[in-house]
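Across the two complexes that follow, chain A remains constant while its partner is chain B and subsequently chain C.
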Partner chain A sequence: MSLAAEAYVSQIAAADPWPENATLYQPLKEDQILLSDCASSLAVQAYLRMCRLPVRVRCRPNAEYMSPSGKVPFIHVGNQVVSELGPIVQFTKAKGHSLSDGLDEVQRAEMKAYMELVNNMLLTAELYIQWCDENTVAEITWPRYSSPYSWPLNHILAYQKQWEVKRKMAAIGWAGKSLAQVYEDVSQCCQALSQRLGTQPYFFNKQPTELDALVFGHLFTILTTQLTSNELSEKIRTYGNLLSFCRRVEQNFFEEHGGDSDAGASPRFPKSPSLI
Partner chain B sequence: MAAPMELSCWGGDWGLPSVHTDSLVVLAYAKFAGAKLTIEPVDWTWKTLTGTVPSLHCEGIMVTEPVQILNFLRKGRHNADYELTAKQGADTMAYIALLQEKLQPALLHTFWVDAENYANLTRPWFASRSPFPLNFFLPSRLASAALSRILLTKGESPLHSITDVEAKIYSEAKECLNLLSYRLGSSQYFFGSTPASLDAFVFGYIAPLHKAILPSGQLQQHLKQLSNLCQFCDAVLNNYFGDGAPGSPTASQDSVDANLQKLTQLVNKESNLIEKMDDNLRSSPRRADPKPSPLPERGTPHQRDPTPQQILLTRVFQEVNICTTS
Partner chain C sequence: MGTVHARSLDPLPMHGPELGVHVDDVDLVEVQPETKQEILENKDVVVQHVHLDGLGRTKEDFLTHEIADVFTAKNLIDVMKKSHDARQKLLRLGIFRQVEVVIDTSQGDGALPNGLDVTFEVTELRRVTGSYNTMVGNNEGSMVLGIKLPNFLGRAEKLTFQFSYGTKETSYGLSFFKPQPGNFDRNFSLNVYKVTGQFPWSSLRETDRGVSTDINFPIWKTNHTLKWEGVWRELACLGRTASFAVREESGHTLKSSLSHAMMIDTRNSAIFPRRGALLKINQELAGYTGGDASFLKEDVELQLNKRLFWDSVLSVSLWGGMLLPFGDKPTCIADRFYLGGPTSVRGFSMSQAPGRPHQWDYLGGEAYWAGGVHLYTPLPFRPGRGGFGDLFRTHFFLNAGNLCNLNYGEGPQAHLQKLAECIRWSYGAGILLRLGNIARLELNYCIPMGVQSGDRICDGIQFGAGIRFL
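Our next item is the complex of A and B:
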C-alpha cells in the first residue's frame, strides 16, 4: 500500500462503520487455490472473525488479477479494496477495530517479530514446496494453478509464476536448499512458535491478536491440506500445544458460525481429515 | 577446539571491523563466544568475485551464511547463547526474521541503490578494495544484486519500479528500528548483561548505518534519534573490538586508504556540482547578459563567461593539494 493510500485510509475510512456487505475474494477453493494463498486467506478470515467483523467469502478464478497488489486475499469494504493481512490490519484499526491495543510496546515488538518469523519461514517454505519441488509442481501446483485458463495461456501463466517464485528464492538464498533443509527450517520455526506459546491459550495469553490469526492460518492449512507427502504436516504434529491451539481457534471462531449462510468461509476442506 | 578456523570476510573501515553486515554478524558472534578466528579479508583479491562472503574454513570444511556459521561455531562449543532459555531462543529467531524482512531491504537501498550514497561512498569503497580490473564492475554487480533482491522480495508484480517500493521499505525499516529500541529498553544487551547471537545480528545490521558517513541518510537520521541503539553499538565496539579494531589487520593501510577515499569523495562531489552548474547554465535564461536578445546567432554564455566552472575547478585543485600534503 502506498503512503498516499495509507493516509487516505487512515483519514477517510475511519469515518464509515464496517458495512454488512464486506466481501473477501480468494481463488476457487476446490480446484485452484494453492497452499500459500489458502493459508493467507484463512489468516485474514481468522483475523476478521477475531475482530467480530462479518465478511462474505467469494471465490473468483481471477482473484489474483483483481487484487490491487497482485496477491490474494483482498477485501472489498464499502468503496475500498485492501489486500494482504498487514494492510487489512491497519485498515480495520483505522475503523476502530484492533486486537493489539492492549499490548505494551515491548509486546507489540515481539508480536511483529513473530509475525515476520511466520512470513519468513512458513510462507517461504510453502512457496518453495509448491513451486520448487518437482513432484509437487507436477502433481498439484501446475494443474491447479493453470486450471481456469485454456491453452496456451495455462502454460504461459504457470511458467511465469514459477519463474518469478524461483527468482525470489534465488535472491533470498533458498534456491540451493534441499527439500530436507526446508522441512528442517519449518520444524525450527514450529519449535520457536511452540516455545513462545507454552501453555497459554493464545500467544499473548487470553486475548487473540493478529499473530494468532496468522499462525492459525498457516498451521491449519498445512495440517488439513493433502500434499504429495505428509512430511510437512508431520513436522507440526510433533508439537501438541500448536495442535490444540489450532483446535481452540477453530472452535472459538469458526464452528459457532457453522450454520450460517457463509458456510463457505469455514476452513474445513472437503477432503481434509479432521484435525486431531 | 584446537582446529584453526579461518574466516574470509570484507575488511574493516569507518571504525568497524568490517563494513559488510553478514561479516560483522559473524565477527561479533565469534567475539561474544570467545572463538578464535583467523581473519582473511577478501579485499584486493579475486575472492571478491568468486568467493562467498563471509565463509568459514575449518579442516577442509567450508561453511557460508551467517546462520550456518553460527550453528557451526555452536557445535564447536563456542556458544554465546548457552544461558538463554528456550523462549529466549525462540525470540532470537523471531527478531532475526524481523531484521531480515523489515530492515535489510532499506539497508540495501541506503548503501547500494540510493544514487548519492552509492556514488560517493559505496562504489568508491568497494572499487578501492577490489583488484584491477574487478574494480570497474564488481561494485555495479553488487549493486544490481541488491536492487533485484529488494524488488523481488518487496515489489508487487513482475513489472515494478524501485520508486514504488522506496517509501514502503523505509517506513517499515523505521518501524523496525523503533521496535528494536523498545525491545532493548535500558538494558545493555538484548538478553541482560551478556551478549548473545541476537546482539550479534542487531549489531551487524545497524553498526554500518551508525558509523558510515552517508551523504543522504534518512534512515541514519532516524537511528541517531534512538539513542539506546547507538549506545548499544558503541558498547559492542568498545567492549569487544576496542583494541584498534582487531578484525582488520590492515590498520596502517586503512589510514592511507581513508585519505584516498576522502579525495575520491571530494572529487566526486565537485564534479557533481560542476555538472549541476553546467545544467543550470544551459537551462537558465541568459541573465548575465546585459542586453537579453532573442537572436540565436549570439555566442553561447559558456564561451563568454566560463567563470563558475573555472572557480570550481581551481577549488578542486586546491583541495586536492591540501589533501595530498596533509
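Our next item is the complex of A and C:
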C-alpha cells in the first residue's frame, strides 16, 4: 500500500470514534515479559487511562512479532495497529484525545525533552541490566525470554535478542559501562525528574500528560519488579516525591477501576505487594 | 545412444603405417576377420575382462555393481546390449561426462579364443562445477549462484550448494546426496536450507530455516520417500495492512515432522502425457518428534490420461487433502491448504475457506478437494509439427474444487457436506507451452462459476506457470 493510501486510511480511522473493543497486546505477564517491555506496556496503559480510553489487555507469547515495529506494546483499534507510546499518542490525538493540548510551546518542548531523557536513560538502563548484566541474564532474562519456545529455538532467539541489544549498547556507547555506572545514570535521571516534579502533583501541575504516563510506567515497574538485586529500585526510593507520584497515578487511574470486571486491565503485578 | 564400437575382432591392430606394407599382413587383414566374425556371431563368447579407463577419483568398487551384468553375456549381441545398458547406468550416476564402450577380443596370457574384453572409456565430470543465473520476477531481482561437487568422495556422492541473493530476500541450500552402491534408486540425502517466500495473497512473509533428511527407495513399481524435517519458521506480515488474523500468526515456531510419500508414475511424460497414470500419496505427521506444530496432513493426487483420436488426450485429475490438528492448538497458516491460481482451479485466485469472518487475506483451509477434466489437442492446423510446434498444446478444461475448515465436533458428515456445497468451478480453453520436461506455461481464457463472496476471481485471460497442475 502506498504512503498516500496509508495516510488516507489513517485519516478515515481518525474519523471513527474510539471503539469499545480496543485491545492492547503484550507478552505473557507471568512467565515471559521483561522489565523494559513491562514498563513500556504500563506506560501505554497509564496513558490510555489518563485519556479515559478503555482498552483490554491481552497477553500473547508472540506479541513482539505481531507488533508492526517489532516492539511491544501495540494496540489494535478498529482496523488499525499502532505500536509504542509515541505513535499511540499521535494516533489518539488524531482521534481527538490529547493530554498535552493545554501546554504552551515551551512546555511541550520541555515535555518532549524529559520524555527523551526517560527513554534514553531509564529504558536503556533497563535494557542494559536485563541483557548485559550476566547475573540478570542467566537468572531472569534468558529463562523468561525463551520460555515460549522449544529447543533449540529458545537458545537461538534469546541469543539473537541479546546480540541485538548488545550491538545497540555498543552503538550508543554503553557497552563499556559498568553496572555501577548504569545505576549512577539512573540516579541522575531520577534526580532530574524529581527536581522537575518538585511538589506538584504531576509534571505539568494539575493535569497529567504523556510524560507522567511514561515516568509512571518505568518507575512503577522498576519499583515493583523483583530483580537479582534491589539496587535499582533503591535508587528510586531515595526520591520521596517520585514515590508519592507513582502512588498518586496508581490511585487516580488504576485503583478506581479496581472493581472493574475486566481483570486484565489493572496493572496488578504478582510481585508488587506495595509501593512504599 | 552413444558410440558402441564393435571393432573388428581380428588380433591385429587395424591402423598403423606398417599395415599394407607386407603382402602377408594384408592377407591376414583381409581374410582373418571375416572368418572369425562369422564364427563369433553364432558362437558363445565369454567376457573375460571389463576395463574402466579414465577413472580418477571414482572408486572402482562402486562401479563394479553397475557393470557386473556384462560378465553374464553369452553371445556377441548380448555383450553389446548389456554393455549398452551398463553405459546407461554409468551415465545415470551423474558422475561422468562421457562414456564410450569398446569391445575387443581378449589378448595376452590366458586369453580364450572366444574371450572378449569390454572397455568403458569414461570422462569424469570436473571436481567442481558452478553456475550463475540472474532471475527477475515478483517485483524482485535475484542472483543465483550454484556450486556442485559431483562425486566428491568417489562413490557418486554429490554436494550441492545454491545461494540466491535477491533485492528482497536471500536464500540458500546445501544438500548432500548419496546413492546405495549398485542401486541408484535407493539413496539418501541430507539438506540444510533457508528459504524465504512472500505470499501477497495472505500478506505473509515466511522464512524457513531447516534441516531435512530423506531416504528414497523403490518397492515394486512404486517409489517411496521417508523424510524427517525440522524447520524453524518465522512468519511476518507483509506491511501494516495485513489482516489481524495473519498478524496473530506472526512469530517463530518450530516444526518437526516425519513424512512418507508414495508415487506411482506410469505416464510417458510428466508435462504432456499421452497415456498412463500418476498417483501420489503424501502423509506428514508433525509433533511427535518435538516442535510446536502437531498435526497429521494427508494429501492425494491422481491423474489419468487416455489417448483419443487425432493425437488428442483426455486427462482427468483429482486432488484432495486434509489437515488434522492434534491438541488444542489451531493449525498454522503455513501448513494449511490453498486452492486457486492459474495451475489449480483456474479462473480463481488463491481461494479462501468459507465460514471465516470477513477479511481480506487468504488464510487457507484444513480440507480441500479439486478435480479437473482436460482435453489436450495439438495446435490447430499443427504448425511446426515434429519440431517447435510440439512444445505447444491447446486444451479445454473444466475445473472444480472447494476448501473448508474442520471444526471438530460436527462430524465427518458435516465436513463432507461443507465441501460439497458452494463448489467453485470454472471452464475455459487455453494454450500451453512446455518448458523442458519439468514446467509448463499456460495462457487460458477462464470463465469462473460458483463464485463465493470473498473470492478473488480472474474472469478472462489468466497466465500461469507451474510444475504441478490440476
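In this text, the second predicted complex is superposed on the first by the 266 of 276 C-alpha atoms of A that agree within 3 Å, B and C clash if a C-alpha of one lies under 4 Å from a C-alpha of the other, contacts with A are read in each partner's own complex, and residues count from 1 in each chain.
Note that in this section a contact is a pair of C-beta atoms (placed from the backbone, for glycine too) under 8 Å apart; a residue touches a chain by one contact, two chains touch by 3 or more.
Since we're looking at a predicted model, the values are computed, not measured.
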item	value
Combined model on chain A where chain B meets chain C, clash or fit	fit
Touched partner set for A:Y149, first chain B, second chain C, both or neither	second
Which of chain B and chain C A:H76 touches, first, second, both or neither	second
From chain A, separation angle of chain B and chain C (C-alpha centres, steps of 10 degrees)	80
Which superposed partner A:K168 touches (first chain B, second chain C, both, neither)	first
First, second, both or neither for A:N119, with chain B first and chain C second	first
Which of chain B and chain C A:V106 touches, first, second, both or neither	first
Partner chain in contact with A:Q195 - chain B first, chain C second, else both or neither	first
First (chain B), second (chain C), both or neither touched by A:Y159	neither
More chain A residues in contact [chain B versus chain C]	B
Nearest Cα pair across chain B and chain C, whole Å	10
Contacts on chain A seen with chain B and repeated with chain C across the two complexes	1
Of chain A, residues touching chain B in the complex	1-3, 69-71, 105-106, 108-110, 112-114, 116-117, 119-121, 160, 164, 167-168, 171-173, 188-189, 191-193, 195-196, 198
Of all residues in chain C, those that touch chain A in their complex	232, 234-237, 239-241, 244, 247-248, 250-254, 290-292
Chain A partner contacts - residues on chain B that touch it in the complex	65, 86-87, 89-91, 93-95, 97-98, 100-102, 148-149, 152-153, 156-158, 164, 167-168, 171, 175-176, 179-180, 182-183, 185
List of chain A residues in touch with chain C within their complex	1, 6, 9, 60-62, 64-66, 68, 76, 81, 149-151, 153, 156-157
